[in-house]
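These notes open a run of structures that come right after.
Look for subunit A in each of the two complexes below; its partner is subunit B in the first and subunit C in the second.
Then we have the complex of A and B:
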């Protein structure tokens, strides 16, 4: 079943191997500027912040999608042509982003909140190029999602794909959790990409037609897109964990009534949790703010708690086979849980009033993106290469990789959390005297991030050996 | 003098007693916003009944709706005051929550001119309406604090000046409205803020064709607007797309 665009995953691994270290280096650059170093390069802080944010979000949406697309081939037949198109469109979009940031100094941040992209000090062409890049990426990913949904629809009815029969006690036909979570995530992805289209159209109406948009409306639509795409990236990462982890535990991890109920609940709740990004917008009615808090609390139970509890039950007293892949999957789930707790704390209105503009916010989203989603995806990549290459594994060097990534990653995150707790503001290139302690945390974070990067490079060496070996075997 | 041009154009188009929503240039909205939170200087004023009061004693008693005018204006002063009278009746709360102060910037105006102004408007016996004159330099200080200007045209004896309404609470401007005529909705918002209510959302005429929410100054509540459809649309489209894709009968997978 792996003939449809199977080889494309090799190229996705190569894209991540190339882009992830570059984006980490950009992150280290930002922390070094905040620590008071690199004073000659300070003017690049906000363009780099924009590229780092957009790049990471895009990378960690597409890489897990590529994994999920690959894993789905056990059950359905996605189009090989669309898989290649998705890779090509993503690369083109990334190139356009690189041009508008490095040549056009576009610096509206990854939120690109209206009307900032149209009012910054950068040339208008870079804003236009940014909108074109968004369009290319949005259309590409939308087609990719629609094709995966089409492939699922060829085998399953909608009620089966969403496992509704489990809700009434039936277990036939059997629906793997991967298919259920993929269906939920892809429907949510279509919604958020349609929201992206609306954002681009409204931006373009202003840029080319002078038709102004309401800033509150734009912020709502932008965060509908931004929040949902980040959340469903996590879900996509979880879907491949459901698929792969049982092979290490030697036990099945099947859909049941609770799993079905949880992920169907996610499909509804995910559209409402984004309101927590607008707590500071006093013009948003209070009712909507409360919906945001309730949805944020409730959304953590079905997806994260059920998945993490299920994973622990799967591993508990099993003859678990630990290698780099299974360790990364396990640590990825832990990162999701830890970052999720940070997110739930931040989604509490009274807490958010204090934390909203502090480094607590990048702390929690870096936790579940870097130590959650990224580790799960890297786990799948390694698993894929190792399964194809079947090379012996050196446990000592694998633990070195894991240790560097763990110490580097959590050390880096701890600096964000501590700085956030001391009210060090986010998005500041240089800290004023009142929060000068932020510089110390930033410097330490840069060192820890470098340790993580070293761990990732060692990971690449291990994966590269298997990647090359698998390619030579297949050729 | 875009404000004057705007006022004259509005008079030519509408005039009369109709208070209608007008297209506001964004520069005027910025000018209004720049007045918010400004502190008014205190001054000694002489009212139409001849009594002498401090401006600060007036704003300590009740919030004030302040407008600058002069008695012999042949332009917008009288129509603007009449519209204000009509608008405060419509918005409610006059006397109980706030008072209106018309302050003359013409140093030739006298307390008897102020009394005549009140009588001409039919508010001579309404203690909620105050008309006052002050010393030339004091009035100039107040005008400067509000960014208000006036210039005498020696050929006609008339003043060139904009039209301004400011809501003042404890000596501080809580909101200002520039131009004539003012829209009923914007005036209601001004009065709501003068009475201590928080207006969370200003609708900027001509600034956005779709909004999530609007503010209803009549009820003082937020209400959904057409832009909300854009927030609902992605979810609905996704559901329709999913139903359409899965509409074909499912078939068993070939092995």
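Then we have the complex of A and C:
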């Protein structure tokens, strides 16, 4: 069944190969400014922070989506035209963002809380261009998600796609975990992208019509969008792990009642966990805050007990074929687990009171995004290229890549965790004397991040050879 | 009441030490407070923009009037002094605040008189502050140790599973499912204990307790304003007495009623040991009540922990507990 839009993944790999190192360099720049180096370039800190955040969130939503879209072709037929449209629309959105940040110095941060984009001191045109870029990306991704849902619906009814028949003990028709998780993730994606549309409309009403919005409402809608899109990106990464890992372990990983139950629970929980972003907004109803803590806690159960435990069960004492792809998937699961621990700790209201908007926050989300989702996605990319190119693999250089990524990645993250525990705020271009300890952590983090970048460049060299060979063979 | 309040009244000039010129021009003081004090001080040091003490002597009157009225136009014309100020202010451009010519002239006069009434900045310069080594709070320590311990456990389990693939054998699915059940109950039990232990002492339950003091806080780009009456709009700055130096008694339970006059901010209280003690968001149109008992004497810093624009990291103030 694999053909529609199959080769669009080659170009998604190229996009990631181009954008990811640039965005890492922007991140290193930020940590160097915070460490007291590059003071001459300090005025770019907040625009770069905005671009780094938007770029990384967008990249690690679309890249796993491209993998999932590719993997789904084993079972359903997504539109090839829509797959290319998604790539084109995303590139256009990125170009618009680059213009509004580098020419317009737009710097509202990646979750752009109302009304900062309208009161930040940058030219109004850059805010307008930012809203246009968001619209382009939102509409593109919405169409992409709807097309994938359409493709699933052509073969599976909604109840089958969500594996409800497993809940009552039936196993026919068989639904691969990939289809189940894709359906859950795409429904969540549609909901959060609709929320993004609402945010853009309300911003536009203020920008062009002077119609003010309620700041608490806007914060809720914005975080609903922001939290859900990041959360579901992780689930999209998990979906391809379910699909690919069994081929390395030589064991099946199938849907059963527990898997069906947990992913249906995820579909409900994912909409409520975002409340933890508003714990420090005491005007939010108190009950909602406790719902946020409960939902955040509960969301860890399906991930840890079903997916991660299931993956470990799959691999334990199996005839695992270790190569760069399977190692990256495996390490990605570990990163998800460790980042999840950091997230659950921070989602405790009492802890959040002293961790909110300190560096503990980027610590945990960088853990599951960088050492979780990004590694899973890079694993899929390598797997895809290696499957097509079938080239011999060098174990020594493989371990060099993995070691650099592990030491660089976790060293970089540890600096965030320690600084967060020591109350260093996030999103500060320069640390005032009271929290000047942040500068030391930032300097060390920049060095570790450079090591990770080196590991990624070596990964690219490995993958690039296979990418180019496979592309020449297919053409 | 041990609270020592220095009132910076927009309508009086008591701080200026009998400066009758300022007292006579109430509107200039109010204008300065409303439009200029976010970024400038007169003799209290650099903020986002330069300290304005003596500026009326350093720059020609016509240049100042034009700069106050149309900074955007002067920047667009690449006025060399304007360009230099922009560079010195970290590329944060002075906004066009819609100041009229008479208002600009009154402001310059106010700055001149206020500046003359104060000793030169060098005379009031404080010796460098000595900061204690940063330390971990109880909650932070527990969270960090728990995180490191669980991360280490995850690492061990993953290593064990990876190494197990050296000796492949068929999986005992029944045993694995039994283990999963145990893991499920441990995870749920752990989360229930964490919830029960943490939920009794949240900032919301704290906020309901009785307070000894109420302090109003209005946040704006890039400044905190303390007052004893609510400030809910920029217009209130001209009428509500603000507290310039806030001092509070040791052991007092203080309720901070926090709002914002522009964008989302945050009111984060750092104790004398440089630890974050408590925080709440400052939101336009809402008041968040943060109750804190100040048990340790010393200087407390207030930082903004919600990104609010180019001067975000400069947004801070302090209070003293004695």
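Just so we're on the same page, the second predicted complex is superposed on the first by the 473 of 475 C-alpha atoms of A that agree within 3 Å, B and C clash if a C-alpha of one lies under 4 Å from a C-alpha of the other, contacts with A are read in each partner's own complex, and residues count from 1 in each chain.
Throughout what follows, contacts are C-beta pairs under 8 Å (C-beta built on N, C-alpha and C of every residue); 3 or more make two chains touch, one makes a residue touch a chain.
These figures come from a predicted structure and were not determined experimentally.
For the composite obtained by superposing both complexes on subunit A, the positions of subunit B and subunit C are in clash. After overlaying the two complexes on the shared chain, residue contacts for A:283 are found with subunit B and with subunit C alike. In the superposition on chain A, A:421 contacts subunit C only, with no contact to subunit B. Counting the residues of subunit A that each partner touches, subunit B and subunit C differ, and the larger count belongs to C. In the superposed pair of complexes, A:146 makes contact with subunit B only, with no contact to subunit C.
Shared-chain residue A:204: touches no atom of subunit B or subunit C.
Looking at the shared chain after the overlay, A:135 reaches neither subunit B nor subunit C. In the superposed pair of complexes, A:342 makes contact with subunit C only, with no contact to subunit B. In the superposition on chain A, contact of A:300 is made with subunit C only, not with subunit B.
Of the two partner chains placed by the overlay, subunit B and subunit C both lie in contact with A:214. Contacts of A:119 after superposition: subunit C is touched, whereas subunit B is not reached. Of the candidate stretches 199-207, 235-243 or 253-261 in subunit C, only 235-243 runs into subunit B once the two complexes are overlaid on chain A.
Subunit A uses residues 214-216, 282-283 to touch subunit B in one structure and subunit C in the other.
Those residues of subunit A whose C-beta lies close enough to touch subunit B in the complex are 75-76, 146, 149-150, 153-158, 160-161, 187-188, 190-192, 194-195, 198, 211-217, 220-221, 224, 271, 282-285.
Of all residues in subunit B, those touching subunit A in their complex are 200-201, 206-213, 222, 227, 230-231, 233-235, 237-239, 241-243, 245-246, 248-253. Put simply, subunit C touches subunit A in their complex at residues 90-93, 95, 129, 131, 134, 136-137, 139-141, 143-144, 146-147, 150-151, 154-155, 157-158, 161-162, 164-165, 167-171, 176, 180, 183-184, 187-188, 191, 194-195, 198-199, 201-204, 207, 221, 262-264, 266, 268, 270, 274-281, 283-290, 301, 303, 305-310, 312-314, 316.
Of all residues in subunit A, only 42-43, 46, 105, 107, 109, 113-116, 119-121, 214-216, 219, 251, 278, 280-283, 286, 289-290, 293-294, 297-298, 300-301, 304-305, 309, 312-313, 315-320, 322, 330, 333-334, 337-338, 341-342, 344-345, 348-351, 353-358, 360, 417-418, 421-423, 425-437 touch subunit C in the complex they form.
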